[in-house]
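Think of it as A, B, C, D and E in the order they're written, each chain with its own count starting at 1.
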């Protein structure tokens, strides 16, 4: 199956189309079956992935519009591989755990289309195809938020759509300009990212292009001043919407940085370290504080997402394998953990139809299973070692320490502030006496809910204890990326920066000793 | 004494006239049939028209590139072929929209179809000539027919629309004539290629620049009116609102294609002469047009009117491509319209099938947003199709207009106008809001009144047309490549 | 400048030109300014006749004749009929607000156009494409060109006139009095609409 | 001597008068008059240029402009008639049901 | 031997998993029993390893598997059994075993009995990782692990309500648990930074490799790493100013306090410093070490002073723990790492004993902890009285009990290092320690019977629990006797732990010891005079004194918690709220919305341009045309 990626992309879409035929009663089973197949396919992808090859694999390339230089160009490397797997997993689990009953058919079909676009984004190697899936992903999400959301759903969904749309249009201009430069230098039109990689751009071009791509990605991430759509989107979205949004859609932004910004504009990326670090710091600290002030459980997690994305952003610009690899790992970890947290909040919402913290208290007494799983996810969220959350966060901070100890120390407060707001939620919702009468008869998780969460708990712990199967391919690809950036960088400052952030400081000349061998 | 003139039939190259003659003959045939038998109904005429257009289309396809005919009055170059094909294609999509399940006034007239064919002939003449006289006559033929077609919808709004369009059109005609006069005064010729030649020799003369600029502005007023460029766009929303929905959709594409061909010829000439001033004037107007129309579309309460503003905005978008005056820019114009045509006509057709004779939802509007509220619950298929058209118009890939958009933007970038591409991008973002508004109404709101049916005017032929438009919109990615290479070939072959 | 004016007045051509100019400008002004539609139309007709004077002056005899026939004979007649139809002989109440802006615009356009035309637009290098033949009547000359080079526009103009005729006939025709578009009774399925759309509540 | 410019300037002035009429008039019929004036002005210009270049093309143009003007009148009046039947007025100010 | 390592490590984990299987079920005694047995197995394994190490001197390194490997960073799960870790392992597992058994009795009536054991065993597992790891990151796993388990255990009675601070200084178990966790997190950040520094400068996190690199490192790096790691230690070991959580953590069940907040987790900080002794022994970081010693001494004194006036039985013990931790840091900071470690072990035994005794009292008094409501309990609780008295003697530092040997060595060290101020303070603190220990013993077990009038009917603890405490009592007695043997044992580690008194001190040692003993005895006597007597001379509360400045200062813990409340917690809440409502909603979000609104209102305004009036449209067109013409004319003229 050389064309596994195409199958992955189009299978959900075709299934979505066929889903129109399936009746309302059977659609949920249909959706779960389809996403399960997709997930199995992604697992197959993983197992047939050559772990030692840092390059792009499963490449498919069909010229689509040669005159524009647009081709149907797919491929996956160690960086995208696991995001794809996670996409399939979270869609599957999200769908399995879904409590919605209204218009379920439309929901399932939208989700299937959404899955197509998400996988598409992560496998696309042609800028236009990437953009295509990127934009297309907004549509089902708009529908999901807007049709099944809370009272402000329309506002939230439009805000989500327009905000991202605006940013990505500027990114599109950047892409077009990039293609133009490519054409100028080579005489050939191409939007293939791998072709673009070969370009060595002058620094001022790099800066402008970086800025254009930055806007698109930063809004999606969402980075600090552009983050205000996310509390609305999360606050209003139905559970499944939040899960997908937090787990996968946000990763599109960070993935974009890895796929485009870093390798294409190494010098500009190095220059951007400080500004981005500052923005990330604001994200980390400021949104963590805002999360603390929230009254709505879901908003806490929404803001915490932003805070965690700050950490991811920081890692991306650490310019060393530790930071970058950690950052990519953190994307997975955040996807799973925040997804699970949103699912948990959704489950309590299904029971009580409120997410206000003040309505709860003492839930641990009536819903122990729920409390335990929430606790595990909470601990993963605050980065407890041996949970998935630690590995990424630790590596990011470790990596960035080399770039700037001061910034790392401030960013490191995320482990404190994260604990502060998460424990507040835990305390307010789960601890204390069970005072609210409405809560006294709450049922603990049912089988469907439990079994959709247990795999996540298992992953949280498995990858916390033994992240190697995931980290290894990421590491290979990240090392290749860094070597590539180093080679491509034209300014001395950038080269120095990459060198410095990848070397040890001591008088010891070699790096032969690597801990624990 | 005048010498008798000997002209060989071959040198006239009569074949270049064939397409228009077919259309005119078709119109006459329809009139004749009507004279013979008064009882025939619109289905016959629609199909006849379609067949005539079909022959016309074939005739255009059979033309060779870069030929002149009939004392060089006719100019069959790449863009004239391409634009004629688009004009006919658009018309072929339009005309079956007459076959609604309800009856509307204009389609009861066989003359409607005759006028329609004459109008197409007029557009074809506009496109297939660089002689200002023929352009003018063709333009007026088409325009006069169009005014009538609008008025024939026969209700207060359509008269108002027709009057507004007509009056402003008359003024624009005055400006066109004046502009031509100035060009004639400058060059002693009214054939554009000649004008360009002579103008080039006179560029260095002192004191002439005012006349050259002036002529460009006079012509710009005339074509700015046709292309609904700010500040000559004011007719557009009202006329679109007053006209029947399919005609409004038609107006936003076909007449503009014809007008763009002429504009490319005229303003391309100015810019080629090195008059950056003209380029900047057009660019600025284009930018204002797209922005202003977008902003105004935001606040509309009626879908049709919103689409009218959006059409203005799209026209501004394309006008900017024109100002680039590169082969890519010119290709972009046609590509954009080719893609826009399916989507926009589809969207208007969707409005058309939802047309009720009574205004149940709003005193003034036929298609207020409320009408479409909760459509997904009432008619899911219709809602999805409409949403696809809206998203396409908003420039969401992979739907057709997106490809036009990136081609235009790429053309802008390639010409070094990155700021223009950025403005286009931002405008698309603003535009997304109002397209989204309809999507939001359809998908995210509950029906205002418990209406069982919105698409009341639907019929099989309309379904076919809409289906076709939908398929063309969705599968654009598959045919872009041949389309672009064909267009690019044709346009570069004609030297633009 | 003024001397120039005086000397040119001395010639027949010059005199005629100035006479026609002042008269047409004056009459057209009356057309534009008059509140009475009758005055307006009469002065328009008169001015158009005078315009044909320019044509004769410029040697475009055929054009002059056409001008008189078409404008005065056809157009003005049409207007006259229309005027009677509209019963518009009475004074028309017009709210001519913003007249300052109007005149400013008019003035400005006049100024710019005059500036344009005052430029040395006339070039002696220009070779006439269809020069007037010496010793041949203008009508013949025009005919020659019209039926060779401009045969196609001519035919298109014929179509245009046909369009105008059809348009005029059907628009003014009786069939327009009842609008099918708005009238539901004409529609066979009118009932459906009412039935189908009945509110559920 | 009367030069080309003289004619052109007259033409320009008449054109502006027409323009003023178009802007000023609220009665549609009168407004149509004004458009006729504009076209007539152009005709003068064409005839004059034609004369001074000794070229027939200008006359051709003028000829077609006359034809166009005539057609416009026919169509315009047709529209006016239906409008009048419906509205009972030709005043522009009564004709603003579509706005915004 | 490797298997023993794994058994020692994973037996508690197995216990935890086993218990968690029954976590949501009704109380099952066997859960506690199984967990205890598994911990005991772990203890046996640890003891065997210790014995083996003692016999063969062979340090065992085990690498279980890879963990994180990215770029040059490669850390696995590796464990080392050397003299330091084996000491800790033995102490931890031993105390844990006792506490487990004890808890079967103590938690008898709790409906979450099973859950308790799963937490408790998980804690032991984490602690074992902490002590056994052969690299800093592994230590950090355990470090955080014990933090979480402590959070779970402190907040074990999560359903208790929040009380105002005046009523209950720790507010509620869940509050105290969160406080402990967050405080520790602050310190953990420091520790992480230390790890980063070490990694980027040595390329590794394994102890042996890191320490091998130390000589090549610059002073700033060394000092930075030392400071950062010590910040981590400060949190775990509740050193000032991160100490407030420890007393609040007394909200947890008493076995938890015994195990976590006395014997094991809180000593992790000391362990870290001892573990990193090559780093702290570097001459470049002597300043840091001195600071550690000074801070330790200060905390010893500071905590002891607060204990003087405390009424809450458990809090007094908590303060004493704090104080003893101060001693340990003083020793470690002065370079006497092995003495610190030795005191750690000895302290673990008697302090656990003390806590368990306190637990007995609590059990008897229906969770009432106010000393002023007790008195003369020895008549109902003889065994407990004996245990507590014994432990208090050990704590006070009277020979021949363990406390004497180890504490005296620390005081001697301070003298030996010629840091006489420290020495003096430590001596004073020793006296205070004796006073408050016995104040507590006398107030609860001696004197007037104040509890019967209040309606308490104390009863002795289960016998098996009392039996289980016996090993601790024994150890509290005998540990000190093995000090020189231990010295020999631990000297194998390397030069940096070796610490000998100088000749001069050696001579004076006996007098110094006697001085301390004298002070301690005097303090005990004073306490007896004040609190233990009955009848007329029985102790009465002195309200006036309780209003005194010093009393209130001490009672309110020097107002440190209040300071945190007022200057950190509340402002944090306030700023957060402001950030949200004031900045995020009103500025950041509003800007975005306003941009959108701007377009919308522009649309609304320009809409009026479309008047519907044809005349206007014509005007627009003409205006446009004429202006463009004018612009054309102007630009043509100027070109």
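The rule is simple: contacts are C-beta pairs under 8 Å (C-beta built on N, C-alpha and C of every residue); 3 or more make two chains touch, one makes a residue touch a chain.
Everything numeric in this text was worked out from a predicted model, so none of it was measured.
Under the touch definition stated at the top, chain A and chain B share these contacting partners: E.
Path length between chain C and chain D in the chain contact graph, taken as the least number of steps between touching chains: 1.
A centroid comparison over C-alpha atoms places E as the chain most distant from chain D.
The interface holding more C-beta pairs in contact, when B-C is weighed against B-D, is B-C.
Nearest to the common centre of all protein CA atoms is the CA centroid of chain A. The distance from the centre of chain B to the centre of chain E, each centre being the mean of the chain's C-alpha atoms, comes to 78 Å. Chain A and chain C, compared by their mean Cα positions, are separated by 68 Å. Per-chain Cα centroids separate chain C from chain E by 99 Å. Taking the mean of the C-alpha atoms as each chain's centre, chain A and chain E sit 36 Å apart. Within chain D, contacts with two or more other chains are made by residues 4, 8, 11, 15, 18-19, 22-23, 25-26, 32, 45, 53, 55, 57, 60, 64, 67-68, 71-72, 75, 78-80, 82, 93, 95, 97-100.
The set of chain A residues touching two or more other chains comprises 162.
Under the contact definition stated at the top, the residues of chain C that touch 2 or more other chains are 102, 105, 109, 112-113, 115-117, 121-122, 126, 128-129, 141, 149-150, 153, 157, 160, 163-164, 167, 170-171, 176. Here, these are the chain pairs in contact: A-B, A-E, B-C, B-D, B-E, C-D, C-E, D-E.
The touching residues of chain E, when paired with chain B in their complex, are 596, 599-600, 602-604, 606-607, 609-610, 612, 614, 616-618, 620-625, 628-629, 631-633, 635-637, 639.
Considering their complex, residues 163-164, 167-168, 171-172, 175, 209-210, 212-214, 216-218, 220-221, 224-225, 230-232, 234-235, 237-238, 277, 281, 292, 295-299, 430, 433 of chain B touch chain E.
Residue ranges of chain E in contact with chain C, taken from their complex: 619, 622-623, 625-626, 629-630, 632-633. Here chain C touches chain E in the complex through residues 98, 101-102, 105, 108-109, 112-113, 115-116, going by the rule given at the top. Put simply, chain E touches chain A in their complex at residues 23-24, 63, 65-76, 78, 134-135, 137, 140-141, 144-145, 148, 155, 158-162, 172, 174-175, 178, 181-182, 185-186, 188-189, 192-193, 195-197, 199-206, 209, 213, 216-217, 221, 572-573, 575-577, 579-581, 583-584, 588-589, 591-592, 596.
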